[in-house]
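Let me begin by handing over the structure; questions about it come next.
Going by the order they are written in, the chains are A, B and C; count residues from 1 in each one.
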């Protein structure tokens, strides 16, 4: 760690700066000269996309840095790393994503043009990396995470290009591109990095009271801002409005089914914080593709309702099997929050697309399904292409995860040994014990004494 | 709990889905076809109400889920339930409120039309339920809370209809409809549910150091976003702008008077976290009705200043009397934060309305007091109707709370016994104790050793 | 404390209300009559500045109250005071700043006109006071802090007037006016208040595990919303858009260099939370002046990259020297987060201004450098005036801090003695110890029992 982390960070950032210097420019809405030429030609400042997208961008930004960061603080002694490595790899990924996504859909005359929409897309791509981080949480060094991000962002951009440009699929909230991709990529990586003796760290792979409360900060922020996430890059007007509304009701329904299933599947009817922290969010994931479509309010609620059920059942019954039979050690249960609900969202999207009619969409078809509006596809073809997109995503995620997993297995990144996983103290200068020593010593001594006597 | 909570959640959600399926539609701004017909007729995407209201909606959303949720985490062992039940009943209430409010003021051709404004209103109604939750916090099971929400949302919608539609009152930030209603409803409910032996749980009805810091997250978010709350559904333009500004200064003045009174009323001059967490917010409550009016900046400050004083005095002197004499066990002191400041806000609103003149409002009278502008009412009549609205709100809240209190008293909801109130462990799987014993003891022992040696 | 704090708060608030009552009015966008006259003359509600600036305002507001407030909770037993005094002095400062800034640039016919832009400016000025608060954190009573705020806000407004109006400098994100001013003012104050025996409280001047996590809430919120901070009052259109984008990339690059340097400068390669909590933000400070200019994306990244390096090096090597040689006890290290990065930002701004050309800015020159566009200045003159502005800021901050430091040294404010610095319990009613002993022991005993039996 002494030199590996600093040199990795510095080299990556210097490469980023060189590439930005040679390739990246302001787009026509952020460039002083170009925007004022637009104004000259009759536009107005109020039409700058900043005012349509920046509030959504900020909500997405909160989800990436606070939402993901704090969601993972549930581990008792891995809070610094959860928030801190989330911060580091997100800060790297958003820069690298700007370049990778720019190569595929932001080039203008040999230059990548950037503005608020590319910022949102960069944050989206970062979200995918953070989902994979959830699968390997506690078992990887920061250098491994940066290397994983380097490759995953690249593959994300390839997959996104195939889906959105080559296949003409729609996936505004990223059920496929972000959630399914990030989850299955991460699951394969953690499979390749399988640690047979991980039970040595088992006593640290759990929460304590306040760490669960910190994690709830992450959960609630993700939940609240998911309507902004799914609607951040949909078309202006009814599309952004409808996507936010669909996601709002999907999440609300998901919350009730998550609580119901959490209590129902417990032997004593008690709620499990793991389910509440995660499954209640599955409704946002599952509305990621169809959210911009005319899913109807009740359709959104049904999707969320099912997503919550699937997610809790996954935590309860599937995760233990994945770990024991398939040797997939999925720290945060990303398969249950992002994997299965992402697949559900992709299927719902394919079906909803396949039944799109002019009668329902009117002239709005142009925004949601331009190829159907243009007569390039029928609705059925759009639906089939959505389904193919899911298959492509799974393929690239699984294959990519396999290769990257083996790259990450090289013994050069300072990965922690099995006995010191889920532990901040190997990466961070640790502060003193809590609470304040004078009080503490008395308290602990008393406890010891009473234990001996009691 | 084994089956009651799951079956309640599932049955409620299924009923919601059936009702949404038969009754709820996108409004003309979220529906693809209808919005594009608007565009066709000369509107533009930038005029979609999404861009005027969605940022405010998200701020309100944060207040409901983070603000209320974390404000109530001050109890030492009730953090999971505070955030978690807040989450559950809010997710239910916002769906149910969509229907109830829709019946009263969103019907179009037999269907309820929804969009960002109905989402804000649903969140507002949810806020009222959460205020009542504060009064009964720690003493009710989640099933009781869901049943309370079911009835309270219904009564909220009735009261709101009487005030805004039948009486023509103005109450954009809900001093009456949200705060006064929610507080007095909850106070009567907690009165009916009076527990004579609650002192058995008294040692848990208090905070610890970190639980107070978590609660400050809730406080500060409520404080910061209150300008958005009060302005979220006022008319576009100067109205939203002015309401936000009035609330900003009301809160700032309230903060200073809260700190002053908290220190002044303590025997040793020390500040009390309970006052800071709650009384400093009273300025937002008290600006809920008059905030959209031409209250003037100094008027707003005076209102906030008084609200802070009233609130601290309530916590210090009135709450103990309410508990000992009237048997009202008000866990969060909602009477001091929402009850009295809500009544103050209603009175300020009535007076401000009564003195409205064309000279001050100009053509803006149409937005704030359409009936005065139309000549239907004089300003005095508007003021009287505002005052009647307060009386109606108190009446419906008290009577409704009485009936719902008795419904909640039925011994079928699994309410906790007097000795295990304010305790998460009866509803939640609890994580291990904190900090982790093995590390902790070792660490402290080592430190002790070093101190002795050092 | 018994009477000093209440009387100070009440007297200040009453003075504020009197001054607001005589001097402050709604501006033409918040006043009902005036705005509707605008509408009458062809404007539309969508052009109200509320819709251009209010989302940015709310982000800035979060930075001031959550960002600064929680950033300072890193101290183990000073969390109540960090968040609570931050809350108090910010609520006072924003009101006082409305008046002071209004005197200098908001007067219309003898009245101060206010609206969303003045609210943002008031929050900005408050930010400067909170930076100074960081330097004296733990060593000053709340009365001292209010007196400091009273003078600092006044001097801030003078300095801002000299820079922006008299010198024609640009400083939208406040590298000079906010950060450099606040930091050096606070450093001189803490120098004057030097406590030779502060090591008596040394054991409390450090963090514990959860206090560092609370501090990360502050850090991440500051980091996320800094693009809104720097762009909140730039011109509409490309300017706001570009400033947000520049700040986003500056911060991302800064994060990587901060992590690299933190690990590199540690003897064992471990990361230091102090660096992550602070240095990773320096990129936002350093982009405060040039952020609105055509800095280019790579230019922003270089600035952020350097800011992170400077900041970590400052924490590691300069702060100990400042303390031992210059007797500057800088609790939060504001010199490293705000001081040096602020100066860097000012220099970058001067250089970027000096090389501005019509070829790059086009008609957008009018927004960024109106005096260059008008032909009043050449670009070089603008650059020189920017540099002079830095010198003026340093001069006013140092001289002002000196005077105010001596005012604060008067023994009338109830400052804590050297042995009880960094301690909440002298100002706050303290809750019980955590975790609650009775429960704890019972819980542990039960677990033990069950283990034995199970």
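Basically, contacts are C-beta pairs under 8 Å (C-beta built on N, C-alpha and C of every residue); 3 or more make two chains touch, one makes a residue touch a chain.
If you're wondering where the values come from, they're calculated on a predicted model, not measured in any experiment.
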- Task: Would you kindly state whether over half or under half of the residue numbers at the chain B/chain C interface are used by both copies, giving same or different?
- Result: different
- Message: Using only Cα atoms, superpose chain A on chain B and state the rotation angle in degrees, rounded to the nearest 5.
- Response: 120
- If you average the Cα atoms of chain B and of chain C to get two centres, how far apart are those centres in Å? 31
- Item | Where chain C touches two or more other chains at once, by residue number | 46, 51, 55, 77, 209-210, 217, 433-435, 440, 444
- Within their complex, state which residues of chain C touch chain B. 1-7, 9-10, 12-13, 16-17, 20-21, 24-26, 29-37, 39-40, 45-46, 48-51, 54-55, 58, 61-62, 65-66, 69-70, 73, 77, 79-80, 83-84, 87-88, 91-92, 94-95, 114-116, 119, 142, 209-210, 214, 217, 426-436, 438-440, 443-444, 447
- Message: Help me check something: in the complex, which residues belonging to chain B touch chain C?
- Response: 46-47, 51-52, 55, 59, 76-77, 203-204, 206-213, 216-217, 220-221, 223-225, 227-228, 235-242, 244-245, 248-249, 251-253, 255-257, 259-261, 263-264, 266, 268-273, 276, 280, 294, 296-298, 301-302, 305, 359-368, 433-435, 437
